[in-house]
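I have a structure I would like to understand better, so I am pasting it below and will then ask my questions one at a time.
So that you can tell them apart, the chains are marked A, B, C and D in the order they are listed, and the count of residues begins at 1 in each.
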Amino acid sequence: MFDRIIWDELNEECGVFGIYNHREAPQLTYLGLHALQHRGQESAGICASDGEKWYKHRGMGLVAEAFGKGDLEKFKGHIAIGHTRYTTAGSSKIENAQPLFFRYAQGSMAVAHNGNLVNAALLRKELEAKGSIFQTTSDTEVIAHLIARSERTDLPGAVKDALQHIKGAYALCVMNERQLVIALDPNGLRPLSLGRLGDAVCVASETCAFDIIGAEYWRDVQPGELIVVDENGIVESTHTEKTQRSMCIFEYIYFARPDSDIDGINVHMARKRLGKQLAAESAIDADVIIGVPDSSISAAIGFAETTGIPYEIGLIKNRYVGRTFIQPSQELRERAVHMKLSAVRKVVEGKRVVMIDDSIVRGTTSNRIVRMLREAGAKEVHVRISSPPVMNPCFYGIDTSTRDELIAATKSVEEIRQAIEADSLAFLSVEGMQEAIGRKDSTAPNNGHCLACFTGQYPTEIDFEEALPALKC
Amino acid sequence: MFDRIIWDELNEECGVFGIYNHREAPQLTYLGLHALQHRGQESAGICASDGEKWYKHRGMGLVAEAFGKGDLEKFKGHIAIGHTRYTTAGSSKIENAQPLFFRYAQGSMAVAHNGNLVNAALLRKELEAKGSIFQTTSDTEVIAHLIARSERTDLPGAVKDALQHIKGAYALCVMNERQLVIALDPNGLRPLSLGRLGDAVCVASETCAFDIIGAEYWRDVQPGELIVVDENGIVESTHTEKTQRSMCIFEYIYFARPDSDIDGINVHMARKRLGKQLAAESAIDADVIIGVPDSSISAAIGFAETTGIPYEIGLIKNRYVGRTFIQPSQELRERAVHMKLSAVRKVVEGKRVVMIDDSIVRGTTSNRIVRMLREAGAKEVHVRISSPPVMNPCFYGIDTSTRDELIAATKSVEEIRQAIEADSLAFLSVEGMQEAIGRKDSTAPNNGHCLACFTGQYPTEIDFEEALPALKC
Amino acid sequence: MFDRIIWDELNEECGVFGIYNHREAPQLTYLGLHALQHRGQESAGICASDGEKWYKHRGMGLVAEAFGKGDLEKFKGHIAIGHTRYTTAGSSKIENAQPLFFRYAQGSMAVAHNGNLVNAALLRKELEAKGSIFQTTSDTEVIAHLIARSERTDLPGAVKDALQHIKGAYALCVMNERQLVIALDPNGLRPLSLGRLGDAVCVASETCAFDIIGAEYWRDVQPGELIVVDENGIVESTHTEKTQRSMCIFEYIYFARPDSDIDGINVHMARKRLGKQLAAESAIDADVIIGVPDSSISAAIGFAETTGIPYEIGLIKNRYVGRTFIQPSQELRERAVHMKLSAVRKVVEGKRVVMIDDSIVRGTTSNRIVRMLREAGAKEVHVRISSPPVMNPCFYGIDTSTRDELIAATKSVEEIRQAIEADSLAFLSVEGMQEAIGRKDSTAPNNGHCLACFTGQYPTEIDFEEALPALKC
Amino acid sequence: MFDRIIWDELNEECGVFGIYNHREAPQLTYLGLHALQHRGQESAGICASDGEKWYKHRGMGLVAEAFGKGDLEKFKGHIAIGHTRYTTAGSSKIENAQPLFFRYAQGSMAVAHNGNLVNAALLRKELEAKGSIFQTTSDTEVIAHLIARSERTDLPGAVKDALQHIKGAYALCVMNERQLVIALDPNGLRPLSLGRLGDAVCVASETCAFDIIGAEYWRDVQPGELIVVDENGIVESTHTEKTQRSMCIFEYIYFARPDSDIDGINVHMARKRLGKQLAAESAIDADVIIGVPDSSISAAIGFAETTGIPYEIGLIKNRYVGRTFIQPSQELRERAVHMKLSAVRKVVEGKRVVMIDDSIVRGTTSNRIVRMLREAGAKEVHVRISSPPVMNPCFYGIDTSTRDELIAATKSVEEIRQAIEADSLAFLSVEGMQEAIGRKDSTAPNNGHCLACFTGQYPTEIDFEEALPALKC
């Protein structure tokens, strides 16, 4: 998958982190954001408090860019939250960087949020009709308005109140000088895990953030849960009883880091099983198995193990690409794909290649890679996708845009094969995917996963008019 | 292997690129440097000419950092050379960034150079005695002085003259407004390849730079060769007849990109064979094979293929680490290793793990990784190194420092095992390494490779007093 | 007067600019902000619209720093407002940079504001009690909330509504995609002038901004006025009938640029008359008259003209001082005053010097300058101040802080003389100041000026508890 | 006079500073460069040594820009030299920033230099013929080569040797780890003064640098002098006996800071006398006297004093202009002159204005200012220039370019008057200028001043073919 230079087929998501009761809370948050950076490289920010004073910084770019020399030095505090934001074309503004900080009737609060509200536009209208003003295009500001308008004067109560109004996906961290409030939407659409580090409690979008700070994984936050951490300890409660787990299955397929566990299932292992299942469903005689780095390597290894065809490094991702200021001719511009990804000629030359990718969204990237492999001498290129065809847009935080742009929404598998110029093409079945992930859950449909992008069955009501325009994350 | 944050055990090298006869020569050089960036992230620079005017820029950091908005826009020319420089602690100065540009009696020239002269200090003294002044600590400036002091007025002749004086490793690109001169030292210690793109000729430290610009590989530059490209075409000659190929075998083991071919041998495939050979020499009963990313993945796949033990992604390298400005407590500082590398708990927990690494230099990094794997629950950690013990310093451009720092110089394999706290440890044999690389060459010792760091047999004379202090690259 | 390096005795104010009906509205706003930069060097920003799209940018530092390469390029529009903000220690944050931009029930608006509301803290509490949230510490956000909560759906009507609630000083520019709304508080505490450039109408804190863009001065905005400029032309109305002009007389004394006219009176000429009046009131036999640059030069020239003692350049202000990163010893730190201001030894050596300054606030700067003159050899230093003693804090936008810090609040003239170590000291009388400014206005007290800092008579009600903590500008 | 935005008629020069025997030598050098910044804003640099280690930094822009956060922190040493470089269009490169640092046969040295060698091109050719290479276009590198090629092994001796070869203007500071060597050319074309600060000795282009660090003026360096400061104390000697003082009189007229003294004559006082003399020579009936800031204010005050016509601030220089990134239409571009300079309408409106300027070079700036004054309502504009017509180019460091660009080289005073659109125009006579400066010196022609730009009599031989192309400073 390509980022930054070549337009991503699937945009990344956001990452949130929070910690309470550690004397280096902001520094640990900084480390945590490093681990979550694959979920967003547009901006990063941290809010912390020592119980009285606030310490705040937000900046554009990677965590290491957003926090320049000296920016973190002044930070103190035993409580902190942080956020990394994903890249979008239009709204790359410091104003939208999180956490957002607000003063309101009860004092001050900071809010960090991953996910996408499906009724944000409607709530904005209602709030504006009551006289609210908005300075960002972020859903997070909607949540803050609702908290501030609650009649509850305690932060946890006000957050609980606010959550009664919002629909969609949210993994939420709210803090004031004394309390860290953690909440997950009723469907648990986005992942959120709890950890412990000595006496400190921490929360993160992915467990890889715990490893970096040396914290122990405690448990996943449950759909509809509301957790309050303060000097009185941890209070585990719920903000709604109407819950039904529907966690985004794409976290396993593409978003999460291989070393993260979601609901106890390791992402690398799940991907490897997806590859094995894919091999079982659509094996093919070939000389070599390759994966599109980084997200499809695990599946490719699994595919190779099952088929017995050797796995090779057939595509190399350039680790050192950043924002580039080159204005070449059209001819050169097309070479830019090679700045990000290169084929290993000696691996594919004269070979029948099976190329494993995690998904096809618009199909343009797949086509570019197939061409690159043929340029490098591949005799045949067989594409195997370790997930089913993406036929429906996501309204919960994943930028799959409109249905028209999804190649599988309008084309058959054979038509897609022609479009990407592959010798053969197969997707994983929905059932095979579920089986491979391995999560069994009889209390929820689809074993507790949201499969909407594959099946069109959305776990929440969607007002298709309203849901789209909102800014994700 | 770690870079930037955690002190590298082996420092990277430099990368050079040159091109003649393309109307977007500087832009292609920029792309070429992107592909060579794993060879140096400290600084980058390009010199180009349109036959009359010169266009020059050098900057600190990655290519994308060194060339800011607008820096490349003004560049024109049909001839260009570029350079990426590796990271050193002491001399991270813009003055040392290459290419260096000089005015001299015959006009102007630019010089880019990869390697390390073993008689640089002596030459400096001689030149200074004749009244020369030096503004950098780079060997490249020594070469420029020698060129300028030649009695030959043509650039190729003057370069040839200059090369009679220097000893050691050099892969060299020199240009003026009309000519590109390419030279390799008599031992061919550093790799250098030629490519063609339509009517243009290009040269690069590694073939991966040709793929990014769409050029075709033509051939490797031979030891002692001197190649001149200008409006009269290509003149292939030699600057010495006393040649004996001794190419640094560490290029296969660690430095080069997996998609590059050196002397027709693909680096990934060579590394995979190193892993297979390592398995053949020192197999062990275990549950899982893992590799230290990125350089040891190929060997780990090979090791797994041979042993039949599954290869898993047991260590994850964080793609988004840059320079960080965090000043945590000592406790936190030790967590910083996790910013760069993470263990995948579910992969290693309760398992007997074989960890493949390409080399051990000081041993501190290996020890950190072994500990990280144990923290993540590994039951046993067996370390297998896909090269022999490094027992001797390199004087040709690789920063293995003094002999005292090399753990294998003073400790037995068993003592190293204890130092890195592994359950078992094995290195590849010198013979096995040679066999696995697969280059057969009866005309040169060691099949044309320099094995000095393993064997202590240096292909050139070394004045140990003089050779050390010089700045590499 | 010192800025940046040496803590200013009087902080500067903010500058606002607006323009309607010019196809280069944002570019002219940029030039206008350049002319207003003496009113604030902390941050600068511009909002513009082409009738549909918005163009926004804010940045820290001088206008030339806040708008980097390319930032203004993308701007289009026929309507724009801009703002430069003054330097404060605590709240130097991009969040507080203006103009602020808001979305609300009726669409979008941008707000730029100079002045200080005396009931801002109270209004915040009221608004927060109604559920409002605040993201900045700026009074401007309070105004925006009030506009958004108006029942009027047209911008001019809503602004008029909002202004019924606020008390204090405000020179205000509000815009949406189609309308520029200009308002001044009922006392006209801050200056605001109108200009014309062809068919375009412009507004600025000072007339010097018209000269830079080639606009003609039209007239000053009157206290209580509300002016709307849109496609229907210019509508001049009022937002209140209860007006009483009390313009800050310090604009003449210190803030405004010498080339600006306020209410038809040129600032340089007014200052020169202040100097002449000062000479008439407290002449002294001396050898040379010098002024503290830049603000006291005009008064010094006037003083010299009246006394016949020659005016000389006895103090030089270094034009090139910026933010410096030097950490010298204590000894050197005291030299830092010399980075900003130098005495001209040959001018003062052995002389009886009259040093003219515009005001004394805390007295520390005056003391430093007197010492500097003595170090340079001055035989006597007689200090003459071209305004009366500042004995009361300002609540309308000038950072004279609390009464305790004002040296004249607690010390007699003789005590101040001793504190600053002058040989003699005299202030201008309040009557003399009024006479010298020359504005005659029988319809308002004090000829239409606010003299509160000298007399303690505030033109508006002040709740001393509430008024202080708010952020100025 | 305009800088940066509007092309200067006269470019500024460079400033040098050096100090020996102070434990904060680099910090004092930093302060000294601040005071010398009017002599060059393109780049700044410092080299220091603690007797063993070197500390070096150079950067682009003002001193405060060139030295970013932390750059000076690491500096130590009891000996240091510094340099500020003036702005040129073509060669604004970090490579040309000074001090330059060199290693050579005898060790290391750093060189900072103000002035322009008239035989630099010839020396370069000779040096290149001997095999020297050049990395900059600076004369300073030529001097370093000559030092390195001396047979003397001591630095003072080698400098003395080198100076036998060079012709032209140079105020030179050379240092190694133990010695500070100071030299001035045989004509003393550029100013250079010595100061003392406790036990430390310092040297600077202007005495204002002593005031900033609290040093006492000791004496001016004499033409042909060579001064060595080291642990043995101060050795005052000469490098040539053939001296004849010809100091650039433009230092008094334009370059130097008003608070500096040159050869005991204060610059402000000299300028004031120039104005008085100008009034005596070409008085005119008028209403107001104004000066072009900053360099002509002193002369305007003098002119006013003599004529009795009031001096007013009729032109304001914007203090806050930096590099701007605005790309307006042609119409707006012409407004850019107003970003730098504004007329004070109320001062000049309806008035007969005498505008004092220090010099006319190309005449374009004068014309712009005359127009600006007329736009602001001036009834008549009489231009009086406090120096004679500049009719000959300077080869000693002042960028008056070729003769063709000098308006006075080809036009009569009446023609110039028409070109700048003034009502009348008068220059100061050469004799009047000499008289006003007030330096009496019977041992040298022209009282020891270089008047070449006015008279065409150059104090050194000039090879007009060779002298021009060299880079000044």
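Heads up, the rule we're going with is that a contact is a pair of C-beta atoms (placed from the backbone, for glycine too) under 8 Å apart; a residue touches a chain by one contact, two chains touch by 3 or more.
Quick caveat: nothing in here was measured; it's all calculated off a predicted structure.
Between the contact lists of subunit A and subunit B, the overlap consists of C, D. With angles rounded to a multiple of 5, the C-alpha fit of subunit C against subunit D returns 180 degrees of rotation.
Between subunit A and subunit C, two chains of identical sequence, the interface residue sets overlap for the most part, with shared numbers making up over half of the total. Distance from subunit A peaks, on a Cα-centroid basis, for D.
For this pair, subunit C with subunit D, the centres built from the Cα atoms lie 36 Å apart. Subunit A and subunit C have CA centres that are 48 Å apart. Centre-to-centre separation between subunit B and subunit C, using Cα means, comes to 60 Å. Counting partner chains per residue, subunit C has residues 69-70 touching two or more of them.
Within the complex, the subunit C residues that touch subunit A are 94, 100-105, 124-125, 128-135, 137, 144-145, 148-149.
Of all residues in subunit D, those touching subunit A in their complex are 69-70. Those residues of subunit B that touch subunit A in the shared complex are 24, 27-28, 30-31, 34-35, 37-38, 41, 62-65, 67-73, 208, 211-214, 257-259, 261, 266, 268-269, 272, 294, 297-298, 301, 305, 310-313, 316, 318-329, 332, 335-336, 338-339, 342-347, 376.
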